[in-house]
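Have a look at the structure below, then the notes.
Chains here go by letter, A, B, C, D and E, matching the order in which they are written, and residues are numbered from 1 within each.
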Amino acid sequence: MLDHILSILIFFPALAAILGFVVNKNSIRSYGVAVATVEFLLALWLWFAFDSNVSGMQFMEQIALVPAFGINYIVGVDGISLFIIILAAFFTMIGIASLGEMKDIKNLIITLLFLQMTMVGVFVALDAIVFYLFWELSLVPMLYIIGAWGGPLRIYASVKFFLYTFTGSLVMLVGMLFMAYFYHQATGDWSFALLDWYRLILPESFQNWLFVAFFFGFAIKVPMFPFHTWLPYAHGQAPTIGSVILAAILLKMGTYAFIRFSLPLFPDASVYFMYPIAVLAIIMIIYTAMVAYAQKDIKQVVAYSSVSHMGVIILGTFALNVEGITGSIFLMIAHGVVSGALFFLVGVIYDRRHTKLMSEFGGLASVMPRYATIFGIMLMASVGLPLTINFVGEFLSLLGFYKQSHILTLLAGTAIIVGAIYMLSAYKKMFFGVVTKDENRNLPDVNKKELFALIPLTVITIWLGVYPKPLLEPINKSVEGIVTLMHEKSISEEAKLRIPNINKDMGLITKSSGEAH
Amino acid sequence: MELFLYTALFSPLVGSLFAALFGASPKTKIAGIVPSALLGVSLISSTILLILVFTTGHTLHVEMMTWMATGDLYIPFGFVVDQVSVVMMMVVTLVSTVVHVYAVGYMDHDKGFNRFFSYLSAFVFSMMILVMSDNFAGLFIGWEGVGLCSWLLIGFWYHKESASWAANEAFIMNRIADLGMLIGIFLVYWNTGTLQYDGAFAAMPSLDTATLTWIGIFLFIGAMGKSAQFPLHTWLADAMEGPTPVSALIHAATMVTAGVYLVVRSSPLYELIPNVGLFIASLGAFVALFAASMALVNRDMKRVIAYSTLSQLGYMFAAAGLGAYWVALFHLMAHAFFKALLFLGAGNVMHAMHDELDPFKMGGLGKVMKGTFVMMTVASVALAGIFPLAGFFSKDLILEVAFVNHHYVIYAVLLFTAALTAFYSFRLVALIFHGEERYKLFGIHPHEAYKFMLVAMSPLLLLAVIAGAFKAGYFDMVTQLLPDTEYHVHSAATYWIMTIGTQLLVGFAIFYAYKKYTRRDIKVPDGTSKMENSFAYKLLINQYYIPYFYEEYIVKAYRELSEIFWTKIDQKIVDGTVDGIANILYKTGNTTRVMQSGNLSTMLKWMVAGTVALLSLAVVFGLAARYSGEIKSILSGLGV
Amino acid sequence: MLSPINVSIESLNLMTLAPMLIPIIGALLIIVIDLFKSEQDKTLYVMLSLLILGVDFVALVDSAGLFLDNGTITGVFDMMLIDGLAILSQFIIVGASMLFIPLALTHKRFHEFSYPEFFALFLFMIAGFQFMVATDNLILIFVGLETASLALYTLIAMHNRDKSFEAAVKYFTMGALAAGFFSFGSMVFYALTGSVEINQIAAVLEANNYADIGFVLVGVVFLLASFGFKLSMVPFHTWTPDVYEGSSAALAGYMSIVPKIAAFIVAMRLFEFLIHSGVVWLEVILYMGVVMTMTMANIWALVQTDVKRMLAYSSISHAGFVMAAILIGTTQSNSALFLYWILFSFTNLGSFSMLWISRQKNLPAHQQSDHSYDKFAGMVKTSPVAASIMALFMLSLAGLPPFALFWGKLYMLSAAVSSGYTVLALIMALNSAIAGYYYLKLIVYMFMKDPVVENNGHVYSANATLPLKTIIGFAAIGTIFAFIAVNQLLEFVTLFVYNSGY
Amino acid sequence: MEIGLNHYLVLSTILFAIGLVGVMRRKNLLMLFFATEILLNSVNISFAAISHYYGDLTGQMFAFFVIAIAASEVAVGLGLLIVWHKKHNNIDLDNMSSMRG
Amino acid sequence: MFEAIAFYLFAFLTIAMFYVAVTTSQALYALSALAAGMIFISAFFFILGADFLGAVQIVVYSGAVMALYAFGMMFFDTTREVKEKQGNKAIVIGLSSLAALMVVVIVAAPIVGNNIEAIYPMTEGVGNTQEVGMILFTKYLVPFEVAAVMLLVAMIAGIVLAGKKMDLSLTLMNDTDLMTMKEEDKKVHP
């Protein structure tokens, strides 16, 4: 069974979703929780069986799909993807378990299970087309979730979300086809397998163009400034569960893809574009933080804060050294946990008051102390307080990038200031002061169902903040592999200089026989 | 011995978590008593460690577990008990134990009693991490942790707008400095390859001065924030919104001195860059004077003490900057005792006066609050530096350091500040405890605090008096780690002239303050007196207009810029472009769909038109192909 | 004196005629049956047509075998040309016809299906298309084209309501103009080369080294206009939306597949040798045409309020997309054309069938047209399965993996990229994104809006019968599980295209 | 003055253009169909001429089939017109624009 | 010389007739002009030696097609003046003359590649009809048969469209009407 664990992880929820159509509407919630729990346990089992000392792919499977065109179903997992998969399973589980009363809950749960398939698929796919397949497919359930259960502008938001991402990924698809074509030119075979592509050394100019093509797809997904404007709408309109999954997992696809595709495939281009991207990342960090400060809607604050944090992740990724990349991967998980939790928390108050405007609240700390406490913890995690999960990622990302540029890191470091500004002022508006609105006087504190989602998140937030080693170790191992690969593949002087030589024989690189002409 | 270390470190955490258990429940005494007791345990452990270090000279270094390890980076949770940190541990645990016990009484009537102790103990834990950590990252954990607790405690009475505002201000301002600190840490890592103190400091002498200077500057920026040095000082006065025990513990005795601790801890670094040290010293001297001047006229009892704290921090930085690290640390310790005492006394007064803070509305309280009166007076004397109290030994030493190092300007400034310090301290004592009983006008019936609160304060009283006696032992101990420069004025005559002169100056200032503020005709100022309308007074009471400047030109600008970013740039430009593209496509569709008029004749015309268009292109191309030779010659004739 | 020509029957290769003769015979059979016993139920004719087409399909399989053994076959005085393109396209023509003809078995009664002439004309039309693709003689192409077109005009009109007459007249008139263009274009090539056979035209032009390029271009222009009409390239597309709207959904779906593949084959035979001979002008014009067709059709599709009309514009856009294959003109791109079109026929079959089963006889007051978007509002509430299937087809049309059309798009884009048409590939990709909007619009209506008028969902299957549902199920399965078949299809198609020298 | 192939081609083109004029300006469908006949006929002249000048019969064949096609189109076209006329009592194409956009 | 005169004469006549056919507002004039033009075209065929084609032209056009149109005209009652709303004439004239001009520009030039060999050469001394027959039933047998099918299609189409079958639209009738119609049918044809 372990040999096929990844396929099981992908298709089990999908199968369960199809069978879910049969399940009675009143029992669907239990069904969903059961399925998601099984999936989560499977993911944990994967972790248990995972060998942290291997930097390459594990549990690989390969099935021919369109061999004539080099498309195969190849999946595998390494330290980079492992934890995002677990996170996806985890969030689906607690997301379904904490669902409140909603219309058409059956459709929602089935959609969520489909979404889970696509999420896991994206992170384990090792064939560009299979990756693209899940990548695109993930848009559909999300479109439905936002569009059917969202707020008043839900249709605008969902369509915008879909089309924006779709456009970007089509450009990326052209890039992928180009890559395959180069591979074809070099070796005479068609292949979309990522590990095959890793062996290809491209001339710099091609690298640059391809990098740009891939960049469009990834940057919109992340979303990077100036492609970020779909995000506030999507978050603002989505139901709680939609925002949670979107923030926790879907956004990570973009940054994950940068590490999986852009860096190892185009090391020279990564170096070439490092500064422009870093500048964009810094704009994301500061600018969106300021925009977040100007928001009146708490959910928008959290949404913009996501963009801001994604800027740090991007920066860490383009540090191009082990510290930075490890940090950015860790921050992906951290941000997933924290922003997911924040969206849960916003959902809690929205369920009670049916408004997200901060001016409608005030003084909630005395009415809902538990809620305020958890919100406070997550707020502090979000601003990157040490011993919370976010700090580890942020610290490492910034530390890594400092190697590349001092000034830019200094600017990016303002994340810790501007982040505190909008978060604290939002917290102050909501929780401090005296209760002014009568509706707020008797709000019930968080209930058991909500605690079921929030307590584990709080525990993870602190646990991984204090003891990140279980995650850092496997991530570090795989990142070392990637950095080594990048160093060996890079051709320009500058790239050799910028990408550190770890000088450890990872046994991963076999010098390519096929260099592109 | 590790057991004592861990006990000292973690018992505050246990206390905090214990109190947190009762966080949402109504007030229970036990939530205050247990943390206090656990702090006592921590104090005892620290004392044992102190004795160990003092007697044997051994230091303790443990590594609890790995925190972060990736690439070449390795950061453990490591703790060190050496001569410097043990002093800090003593100060922290001692003052916090006192404050805890005191707070059991002080917070007696507060709804958030349980919560308060949870926060307060959490603070002590963070502070212990800060001082005990064996690396910069661990230091940073504590650094941010105390920031968090400070935020929680300043904003403890969160229903007050001013309190939550002050909390946020403190946090954000500290964050600005923390960025500097973070950058400093990055610099240390990338240049020395480690964040462990021993490793990093060992590698530093081989680095070039420019790098070291940058490291020094960035680390000091961090220190400036936590220790509220100019220009990041405004939060400290506003932080007085928190409960008084908090002010005593965090904003006088411990947290604000973390910056000094950092500089002292990094003495091997600052030794290498004396220029930065001089800057630190100059800034310290400036802040000492600057803060003291604002304290002269302030009409908020706690703020006066806060400014005095600020001023004393300036002294400490002046000493540290001049390389007299042990002196700075000594003053830190002494200051912690008498300043905490002063604050707690102020807390008693506040309680008695039902949270009235304006000393002009008090007067004559000495009669009803004898204990408090004595304690505050002693503390003020100590602060003023009168022999033989603690302040004399520590503060006068700093003056000597400046003098001996030939920094006469700094010396002069500090000397003048000493006079000012004495003046505003006794202005306060005079206004509160002497003179007319003005509080009667406001219908207040003051009463003395609980006995046990006074008892709890007594250790501080004792230490404020006798701390100077530890000087020799202390010197022997810490100089095993810190540079053991002794500061003696070379000629005995000069020494005596200086010492006595200083004492006289201070004494005069005290006398003047008493004379001025025990008069019978002291009135609550109503903004009409001549002094109140003078420029200097206005400048000082408005804190040199610095908060105003921050509010007007930074906070407001930030808020407005944010608003512009959101409404103008994000919505109009960035999103507008995206929607604009979609709209253009849609509008093109709407405008060109008239082409599909549904009329067959039009459709036929379109078809013919299409053909004709193709034909014309064909003809152009065909002609060009046929006459390509001629065209080329014409073009070449035209010089194309 | 003319000497008698001696030809042996063997040399005529009469077998090459078999696939075309079968539907003709079938059509005659239907007419004869009607002659002897009228008033038969439509099921008879549907099944009969299906059987005949089945036989035709088998005959095609036979030809395919022969082709694989012997290479290109010519027959009947070199008039017939059975190469890979002819076989593949006939597979598509016959196969798609087999899939579409059961759509006549509707629940409601419609005019055309009550008359056997419909089925006879349908089979004649298929024969016409088959002739059109299985020759390179412009005369036979013309005659085959007209046979098919005339039958098609009648089929449209036989739906018997105002809009279908209007559609038929528009289609007919423009078709007549296009026929004029075709004959003029042929005339020019005949004047240039003295031949009306494409391979000889190519040979002569090659020998002359394209001396009369201007003249050649005039011929190209007129042929381009004529095939531009058939392939509905902008600005010759204007008939398409009106005709699709006017005809029944079943026939509209059919029209989006079969006539176009026939036209594609001829265009491929005609234009690719020109492009390969370095007629830059044609390349430029085709480039512009492809881009214009894709983009403008997409933009117009955005603003439609009727689903069928939207699908009409969308199929214009798809045709433009596929037209790129001819522009690129490599084996890969030509294979991509076939792959795309096979997958497209499944998806379009499904989407038009979905419209067809929801066809009402009388329009309710709130509905502007047969298949206005409003009609589908809130469909998921009453018929979730139907809505999901419809959404599936829309997603496939939008090119979302792993549904059928994605693989076609993928291969087509790859063909463009591999031949250096990077900008074209990007434009194609971006157009897919624009197209996403209007496909999504229907999904939005179905899944995210509330019904305009409360209904019990019957409206969405007003016209449904078991055979129709079966067809839809078939299309849906084909659309979802396309990825299983793609490899075989691709290898099959590439083999035929490559062996035909394209 | 020898009449060459070009003369016929030019004539054919002019007639074709006249046909186009008719196609574009006629609103009466019957008369529009006249114009389409002109289109086809004009091409026939060229086919016959080319055939003559090349001494090749293919052109005549083409013209022959064009005539057949033209005749068939007339039949179908008239059929469509009759149906329309029965329902609407006119054959003006301006009345035929229920579908647009 | 004779050929030239004949060419210009008939060219003028055809152009004139066709011009009238597309411009006149009298349907009858148009029809007559068209018929005349067709006959003049057959004259070209005879000049060019395509006797068979000429004969077919006269028979098919002037006979069959014209008869059909004449019938249609009567049916549509368009013998009187036809009023046509004219849109932008400039577009019409402009487009057509542009098209003509372009083609003429290119076509008027001599064809360069004049080394064209006849694939189906005319045989001296054999009647055109025989030659045509020979080719028609060998090389062009398939198109010929397909043309037959096409004519059959056209016939069926004409019958279906113009006949009674289209009078009642089953598409537009609702189900109850259809039922009653069936009942009535049964009554008529028991």
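One rule holds for everything that comes next: contacts are C-beta pairs under 8 Å (C-beta built on N, C-alpha and C of every residue); 3 or more make two chains touch, one makes a residue touch a chain.
Please read all numbers here as calculations on a predicted model, not as lab measurements.
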Item to complete: Could you tell me which chains make contact with subunit B and subunit D both?
Response: C, E
Response to the item:
A correct list of chains touching both subunit A and subunit B reads C
Worksheet entry | Top-ranked pair of chains - ranking by C-beta pairs in contact | D-E
Discussion item. Of the chains shown, whose Cα centre falls closest to the middle of all protein Cα atoms?
Written reply: A
Worksheet item: What chain lies farthest away from subunit E once each centre is taken as the mean of the Cα atoms?
Response: B
Fill in: Computed distance of Cα centres, subunit E from subunit B, in Å
98
Worksheet item: Just curious, how far off is subunit D from subunit A if you go by their C-alpha centres, in Å?
Response: 65
Practice prompt. List the centre-to-centre spacing of subunit A and subunit E in whole Å, with centres computed as mean CA coordinates.
Written response: 68
Worksheet entry | Distance from the mean Cα position of subunit C to that of subunit A, given in whole angstrom | 43
Discussion item. Where in subunit A do residues touch two or more of the other chains?
Written reply: 163
Worksheet item: Which residue numbers or ranges of subunit C touch two or more of the other chains?
Response: 139, 143, 146, 150, 153-154, 157, 169-170, 173, 177, 191, 194-195, 214-215, 217-218, 241-242, 303, 437
Worksheet item: So which bits of subunit D are touching at least two other chains?
Response: 5, 9, 16, 19-20, 23-27, 33, 54, 56, 58, 61, 65, 68-69, 72-73, 76, 79-81, 83, 93-94, 96-101
Practice prompt. Pull out all the chain pairs that touch, please.
Written response: A-B, A-C, B-C, B-D, B-E, C-D, C-E, D-E
Item to complete: Write out the stretch or stretches of subunit A touching subunit B in their complex.
Response: 160, 163-164, 225-226, 228-230, 287, 290-291, 293-295, 321-323, 326-327, 363, 365-366, 369-370, 373, 380, 383, 385-387, 391-392, 395-396, 398-400, 402-403, 406, 409-410, 413-414, 416-417, 420-421, 424-425, 428, 431-434, 466-469, 472-473, 475-476, 479-480
Practice prompt. Would you mind writing out the residues of subunit C in touch with subunit E in their complex?
Written response: 1-2, 5, 7, 17, 24, 31, 76-80, 108-112, 114-115, 117, 120-121, 124-125, 127-128, 131, 135, 137, 139-140, 143-144, 146-147, 150-151, 153-154, 157-161, 164, 188, 191-195, 200, 204, 207-208, 211-212, 214-215, 217-218, 361-362
Worksheet entry | Complex contact set, residues of subunit B against subunit E | 601, 605, 608-609, 611-612, 615-616, 618-619, 622-623
Item to complete: Write out the stretch or stretches of subunit C touching subunit D in their complex.
Response: 138-139, 142-143, 146, 150, 153-154, 157, 162-163, 165-170, 172-173, 176-177, 179-180, 183-184, 186-187, 190-191, 194-196, 241-242, 245-246, 303-305, 309
Worksheet item: Within the complex, which stretch of subunit E touches subunit C?
Response: 102-103, 106-107, 109, 111-113, 115-119, 123, 125-126, 130-131, 134, 138-143, 146-147, 149-150, 152-154, 156-157, 159-161, 165-166, 169-175, 178
